[in-house]
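By written order: A, B, C and D. Residues from 1 in each chain.
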Amino acid sequence: MNKAAIYRQLAPEARKQNGLSVLNQVIGVLILLASLTAILETEPTLRASAPWLFPTLETIFVVVFIIEYLLRLYSIGEDPRYRGLSGRFRYIFSFWALVDLMAILPYFLGFMVHDNAFLVRLLRLLRMLRLARLGRFSQAWSGLADALHSRSYELWLSAGVAGLLLLFSSCCLYVVEAAAQPEAFGSVPRALWWSIATLTTVGYGDVTPITALGKFFAGLTAVAGIGIIAMPTGILAAAFSDAFQKKRNHPDG
Amino acid sequence: MNKAAIYRQLAPEARKQNGLSVLNQVIGVLILLASLTAILETEPTLRASAPWLFPTLETIFVVVFIIEYLLRLYSIGEDPRYRGLSGRFRYIFSFWALVDLMAILPYFLGFMVHDNAFLVRLLRLLRMLRLARLGRFSQAWSGLADALHSRSYELWLSAGVAGLLLLFSSCCLYVVEAAAQPEAFGSVPRALWWSIATLTTVGYGDVTPITALGKFFAGLTAVAGIGIIAMPTGILAAAFSDAFQKKRNHPDG
Amino acid sequence: MNKAAIYRQLAPEARKQNGLSVLNQVIGVLILLASLTAILETEPTLRASAPWLFPTLETIFVVVFIIEYLLRLYSIGEDPRYRGLSGRFRYIFSFWALVDLMAILPYFLGFMVHDNAFLVRLLRLLRMLRLARLGRFSQAWSGLADALHSRSYELWLSAGVAGLLLLFSSCCLYVVEAAAQPEAFGSVPRALWWSIATLTTVGYGDVTPITALGKFFAGLTAVAGIGIIAMPTGILAAAFSDAFQKKRNHPDG
Amino acid sequence: MNKAAIYRQLAPEARKQNGLSVLNQVIGVLILLASLTAILETEPTLRASAPWLFPTLETIFVVVFIIEYLLRLYSIGEDPRYRGLSGRFRYIFSFWALVDLMAILPYFLGFMVHDNAFLVRLLRLLRMLRLARLGRFSQAWSGLADALHSRSYELWLSAGVAGLLLLFSSCCLYVVEAAAQPEAFGSVPRALWWSIATLTTVGYGDVTPITALGKFFAGLTAVAGIGIIAMPTGILAAAFSDAFQKKRNHPDG
């Protein structure tokens, strides 16, 4: 199998037909499996029930990803943008090549980090970020992103309104509830936690106002929360309606 | 009453007028009553206050459903698709005939399963699934389903975005909260429970982050939850708007 | 002041100008005050701090309402529909006259019911229902009601989908959680309480699944809850969009 | 630097180019920093870790704002509306000049109020309201406000429906739950707290009905809550759709 054939198998933009090549399909499935393994590995009860399983799987995935990485590096010379040795260097520091490297490095870093629980968790998170490699194969999000982008000005404005409401309701609750519940409302940053849970209508209930005035402002905040949900929803609905209508009027556009 | 008359009474597609035949209306009400009985039967206090009531009702419903099943099997020969003995066999394994059988079988299985509480509950669930038999009589959902189907691509994409956000917020909370609350955030699958309650803005509050960094990421997740609600709502709003407009422009289409 | 002048002051449909007559405006404000008094009267601490206030206010309101009722009865003869003695009788049993009577009767029933706390509360509720008398003066809701009505078929269908989802998720949780939490999930009707709180994304958190399988189905239910919110919202958005567009195209229609 | 040059730097409406002058950009950043400082200052742990930091920063911000205030007062004579000494007086009592003064005054009031914790918190809130000064520089909200305003009638109507539902569900819960939970449902105003948390789908869960009838009405309230969210969202979606469509048809309008 020569360099050009490998390149055609690996680079999605080099294919004439639609869809992914067989090799890329296999790689995509492997990425999904590797991410799923990384997710399940975080569960201590699963790690304990099969201590040898996760390191073994991890080694297999990393070996395959290293081979894939080297094949990509070898065949990338076919791409006119990355011809020659200096092209190879430029490829190594291109966005998707760095993402590919990020899928391999955590394995080797794992041998160095053992005793710090936080770093161990961070490394496991990096393994899950392999999922980002799938982005290489996908152009599907563009339609959704376009609709969002066409109304980004209105969406940012409504985010600004939401931010001001968040701040304002935190301040109100801080003023009226701080004396009764200093732990939860003793400062504006503390009151923000309650405020964001209420304005987004999540409403955990771990912190709730207990004074009559606090409940009054909390009620106003909850009602304002409906607006916080209604505004971006309305904007998005209008944006999608617009996009669908354009498509119907100019189906080839 | 001959075979053809029974067939016309039982098969909704054989009727010339709109609406259901008298017999099918009676059967529909019986299905509703049988499902309601199955639901109420699960309540131990009701079972205790009238121990003889539920088995008696159950026997009556099953006897009626068996008679109906046999009548359908007898008269189905009128349908050109199921003519002859081999047609009868094919009918028995057709979708709606199996659904009808599912409404009868749990009764007889109930005599065998007594000591396993989980199986008893599962059998009661099967009785409630009789409700699915009503699907035989209904073509009403098609309009709603069409609007959903016409935008299935965008809906799947937004489900994908929601899935990635779910995973990402679980990972973040796992990294920053696992040390403080190993029981609730000690692994990504555990953090998923909190994450799904927050992103859908349900917000049970049985599990909430307690560290400052955890609360920060939780706030971001709650805000992202608004997008998770706004996107499908916006897509559906646009889809319905489209469908209603088409209808107005081409009322007979 | 003769009968015709009283009639013109009391009947909103008899006025030529837009808006309410001075007398009806005064009555409207009195109705609002009487309802507010009825609401505040339910609070025991307020009742205790001014024991004489609420009965006195109540007596004043009822005296005014009785005078108004008698004036309406006296002047209704001007309305061609209610002319003569038999017309008066028909008026007494007309919808709005009964609503007016409902605003007066609880006062006299209050003297009879003293020792039954539940009936006392029910009587207070009846006093609050005086608010319904305002409906006599208002034609404002028709626009909103039209938009809702034009899509009532789709809204009922989505209510049906919501009902089936509610039932289905209750059944699932009953099957998998009944053993672990018989108090909260021991029957389908009990599980409904959790199910409705989750599907509407209210999420009180007083009852939550604790088994892994229960959490899995609860997650699915929470996600389905987004659809339950998105569907009627989308339908209403499309209905309002339709109504606004019609108005713009035919401003006089 | 003469008076006219200062005026051109300070007054956004005097600039020919789009965007803010360099001086106004600096002031805008200072306002943001001063508000952020005021927010963080409320946190006792931050105050304790650097007791000298917040008063120092506060003094710096106030000195800059005083200089800015005096420069504005000095240069406002360039504006034809505020020419001469009487113009200066009129400017001092204009809206934005009062807002500017509000950003300075809390500093001096702070020296007088020391022992009353509530007043100290209120003063800190006033410092945060400096954020309102940014409104002087912004005309961005007009588009969003127009869409809201064009449908204000429908939005007010749906707010009225929400208010009636709120009252009605409070009354229902008061009647059926007051006996079981007098602390939480012992009066209609008390029941309002539960009712608003449920209708907005926040659902704290600090107060939930425990009787079967109470749960039944609570379920109805939760379902009605979906409508409370769906109505304004639908109205806004239609309003935005309208506004976007107008823009597309008349891009210069």
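Everything that follows uses one rule, which is that contacts are C-beta pairs under 8 Å (C-beta built on N, C-alpha and C of every residue); 3 or more make two chains touch, one makes a residue touch a chain.
Here the structure is a predicted model, which is why all the values come from computation and not from measurement.
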| item | value |
| --- | --- |
| Most remote chain, CA-based centroid, reference being subunit B | D |
| Cα-centroid distance, subunit A relative to subunit B, in whole angstrom | 32 |
| Euclidean distance of C-alpha centroids - subunit B vs subunit D, Å | 45 |
| Of all residues in subunit C, the ones touching two or more other chains | 201-205, 229, 233-235, 237-239, 241 |
| Overall pattern in which the protein chains touch one another (line/ring/star/complete/other) | complete |
| Residue ranges of subunit D in contact with subunit C within the complex | 151, 154, 157-158, 161, 164, 167, 171-172, 174-175, 178-179, 186-190, 198, 201-205, 208, 215, 219, 222-223, 225-227, 229-231, 233-235, 237-239, 241-242 |
| Complex interface listing, subunit C residues touching subunit A | 201-205, 233-234, 237, 241 |
| Subunit D residues touching subunit A - in the complex, by the definition given at the top | 39-40, 42-44, 117-118, 121-122, 124-125, 128, 131, 140-141, 143-144, 162, 192-193, 196-197, 200-206, 228-229, 232-241, 243-245, 248 |
